[in-house]
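I am attaching a structure below and will ask some questions about it afterwards.
Letters A, B, C, D and E mark the chains in the order given here, with residues in each chain numbered from 1 onward.
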């Protein structure tokens, strides 16, 4: 099974029953697979007139009670930005699968890139926090899609899965667990008396309770700054109340969200921080230089945002050099550079996609860092 | 696709318009050779934004002749289409209706001719009647041909290019093996009421020239209104 | 540095008042004035205020903290902003719209009623400006008149100046009563 | 002290039950609309229609975009959504497909539906999604302070057409008709009874229905163009609107202070998206079974 | 090249920041503005619409922000200086086409009057939360220039400068104003046209046959040609070579990308990074002996002035660094200061954006304290003062950015608010 199919399977396994989309390379296969399979499970899919409306429809479906997602690639993701903001403000659970492609604008539609890392965090206007996951193999396309749905239901937030062409078309064995083995998070539903429902009343986890449209709660929600009732209130206090919570419902729980994989870090002197499809080359490179006796290790990000600040700092104190290979001109690198707080030297390695497969640059960078010492 | 570019090439010749002043704005990528063949400037913009892009060009340099080739019907750019027609922006729009996007596998577009080939994933939606939409929003010239109506297409293009205002030619051009089918299943009805030219199952495709009329263009209306109010203080927009 | 706040609701010309005062001070009196505005989404009826900081030197911090003059044209405005008035500050109100209960120095004028007598209640703010100019003396009368000439459409200049003078005279009268 | 006394007197009036308590969010009144605005009338017509039809209000959703009319969702006591500018229709599409039992009403302004949301409008009409659109047309962007709208009549003044509008305005019924709407009507906010009737018909009709409500904007449109207060506009509607049911939509252009043709223009049958989708699903299932 | 006197409304004006932006654009020779009404930026579009017919400029109100920005790109290639003006939600809609502008190296200006967000937020009040979006909002890798004015006078100057920078580096330039500056009225003095230097467009002057739209000069900026002048341009947002033509098949692409060190995309980033020192502008006060430096921009910088003054009076050695260009970021200077000072205080009307850059550049050598604000108002200057005091007295290095708890937060959430990160 390839990554795209695994992703579609993952979404169905997680209970996704609505897909709104607009066709774009290179992720169209996910839609096809979803369309093929959704008939069996009574799902709905609709091709909207553009990506703007695709995400808007997904938000609508989510309020109607369905688990919903959209699938897109760079340019489409840029068009969705306004509604990422709306999703955050209405606190609507939904999942955006983004298959990154190369370059700004149209770029190179059929080639992989990872230039949308920062966009997924900062792309919409105003202040918000978001969760972004980065799979590196078809199995993870499945697992992380399921996790994305769980996280989005738990934190009532749009969650982005940043895949790319390489992971999407990669064919590998994917183990799909039995339905009863999958742990699915349920939406935090309100079931109290009808008159008392407040759409934005929250408790300790900072997440409000949600209801479906059409259950008789007669609620109102708005993209304007709102109070507990969901009514617009235009003052600084209310704005503070909103933004503070929207930010902190992720920041305070980032330890629960953050997920990463480490290898050979116990004694590492050179650390490679990587994610997505580059990580495959990076891990291989680390294994290779280990054979040469270089004490290298790798740190693979599964969640890009929130960023594992603490762990990077700990590792920076331990190692001498941190190498960040990316298929862009420095995005996650900036965060690594920041979090290392000058404790270790940070080196950025640009990866052209033809070179991704070989990992030569990474190996060279590790060797160079080793020699310097 | 080549057939349409060929027809465009001959259409320009026949209309006698200056190629150097002509800009082609598209929202899908064309082979670079097209530029050399046609001798025009080509601007490949974002999906759906070709008409808006061309609007900016026209208003900044009214001497330019703008030919807009939209590839994916009026999905993303439907709004720009409607409003450019309403404003009667001086654009020559060729809509290449291939019933699907050329570049992505199998999928629907608003012009999809439903159920030509059944897959688990084919059109379930009703197609958009683009000539009718154009006419009702104020286009001054509306025609539809298949890519095989070569001479008619050239004539239509030559006829529309010199006119002032928003012109639309819809060209039906699905994949080659189906083209013949469409050609044979079409009938020419000039001046047909655009409300009746919707593409439907089991019906012949109506082609021909549906609308030809005159309306004040955006730039003329702009100049006229401002002259009226401001008199000599008004400075017209000119090319730099 | 003198801090002034005009407050009322949308449609009363609160922000325009601020602009006229600011323009008079900074263009015609050649001092410095920074005008800020706060308003809600409503065109009419929402709370609305403008704050003007006047100074002889360049203004760095652009907001009012403790106002010297509060011009209140609605009860809401009065109750929201009264507390930020300095102890020695001056409160100016439209007597028909605001019921003040303040221990600060208070001057009142029936500006809306006066504007209605002049034919249009929309110019109540200009009456108020005239009154404010007379009471506060932070800006010269001539500068205000010039500023009004620049700020309103040609055919309304006379009406506005009449309104301004009416307010100004009322202010003069009140001051002489005080003395 | 006259005004003050009046205020005091008002305060003494004991609160009574309002007949619209069940449909309006009374805790949000007073609303933000200016005196003389016609949006309130459109809301009243809508509320009256809901009460007349005796529908289950729990199953009704109101979706609005941004703008003066965009605030309607906030005042109607059903599940109501105030979304982003122009995107009320796609949001409503998602709601409808997510839960087909819901009755969706999109209540928004001309700028929201025809300008920025024009594309969604066309395509929702083409798909024939089962939604009722109530479009309040006041010829201007009022929330942002009176800019030119695609519906602004020629030669009308606005803040961004300071020398008179020179663009040809949109004809909303014609746009709806040519994109495939099954029910199209237009009334002014003066025609309360007929408007209510149209809303009922549109609401009950399966498919994409659109009711345009011509409404005065006393604060911007009337003031800039010196057309007087809301009441003057109402008088104007009274004198200048002509009811012509079934009029071809191409004749429905509105000029500056010219005659306004109102009435029900389109009432036809087309399969809705949900019906087609169901049919498609069935077909796919049979094909799958066979293979 | 001097500015055209016809376009420059020389003299003293009492106008707000929005209008000053419009006047700045006209003075710079902007001949095309496409906009869509959005609070709080409409005043600028209105001011431009009033002036346009007198100076031969075109104002058009498009059907949406997507159309606005696309038509601005078209206008720019047709030979006019062009801009659009918007606010948060409109800015989000423009993201895709900003990418196209960056990829095709089109000079144009976007004025973003920021408001409180996310989503619709509070349209009539202020925010500074689009700063990161300006840099990262579109997909893929590119660099832009962003300027932040602090007063109406600067709104005029920076809009003018934005056009010059856009033409000089062929890049989208953003003027990141905010509602406070946009709606603040002050005296704006517009100099004579003689005193205003306008950057002419870098038109190619050689023979038409030699022209390649993306062949770079030494400074990495390519030369431009007009549409409709017979250059047979092919312009595309697809990854392209020097001749501007897309590279379709993978083999050529791989070949070219090797020879070009990562295709033309690399230059989109490098042309700004290499010219960074020429672009960056900031203002420093009293940093010579400073132990604490307040790094701020836009309206926050003016709000901070009061706190800084009070802090100096109470004996704390505090200086200020105001960013005029926020992007590219003055990395070097911050790094230098980090060696010298105990801490940085960064007041922003957001929950931390530019502060990440300050923190990164200081490399753990100085503490970084963020004074956050959700938006819809400006900081209470006591909060900034509090943060300065803390930075001056706290000697322990933190291992992360410290968020100062503001009075507003305490008021909204009570003293026992959920502990902060």
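Here is the rule we use: contacts are C-beta pairs under 8 Å (C-beta built on N, C-alpha and C of every residue); 3 or more make two chains touch, one makes a residue touch a chain.
These figures come from a predicted structure and were not determined experimentally.
S.K.: Centre to centre, using CA atoms, which chain is the farthest one from chain A?
M.R.: Relative to chain A, the chain with the farthest C-alpha centre is C.
S.K.: When you average C-alpha coordinates per chain, which one falls nearest the overall C-alpha average? Tell me, please.
M.R.: Smallest offset from the overall C-alpha mean is found for E.
S.K.: At what distance in angstrom does the C-alpha mean of chain E lie from that of chain B?
M.R.: Spacing between the chain centres: roughly 37 Å.
S.K.: What's the distance between the Cα centroids of chain A and chain C, rounded to whole Å?
M.R.: Measuring from centre to centre gives 53 Å for this pair.
S.K.: Using the average of all C-alpha atoms in each chain as its centre, how far is it in Å between chain B and chain C?
M.R.: Whole-Å distance between the two chain centres: 58.
S.K.: Residue numbers in chain E touching 2 or more other chains?
M.R.: 39, 53, 63-64, 66, 89, 96, 100, 119-120, 123-125, 236-238
S.K.: Send over the residues of chain D in touch with two or more other chains.
M.R.: 82, 84, 115-116, 118-119, 122-123, 143, 145, 150, 163, 277, 284, 288
S.K.: Got the chain C residues that touch at least 2 other chains?
M.R.: In chain C, the residues touching two or more other chains are 40-41.
S.K.: Can you check the complex and tell me which residues of chain D touch chain B?
M.R.: Chain D reaches chain B through residues 115-119, 122-123, 126-128, 150, 155, 163-171, 174-175, 177-180, 249-250, 270-271, 273, 276-277, 279-280, 283-284, 287-288.
S.K.: Help me check something: in the complex, which residues belonging to chain D touch chain E?
M.R.: Touching chain E: residues 66, 82, 84-86, 111, 115-116, 118, 141, 143-145, 147-148, 150, 159-163 of chain D.
S.K.: Across the complex, what residues on chain A touch chain E?
M.R.: Interface residues on the chain A side: 52, 74-75, 77-79, 81-82, 84-86, 88-90, 100, 102-111, 113, 115-116, 118-119, 121-128, 206, 222-225, 234-244, 246-248, 251-252, 254, 309-310, 313, 328-329, 331, 334-335, 337-338, 340-343, 350, 352, 354.
S.K.: Going by the contact rule at the top, pick out the chain A residues touching chain D in the complex.
M.R.: 18, 20, 39-40, 44, 46, 48-50, 52-54, 56-66, 68, 82-83, 85-86, 90, 212-224, 229, 231-232
S.K.: Please give the residue numbers of chain B that touch chain E in the complex, ascending.
M.R.: 20-23, 25, 29, 31-32, 35-36, 39-46, 48-49, 52-61, 63-65, 79-80, 82-83, 222, 226, 230, 233-240
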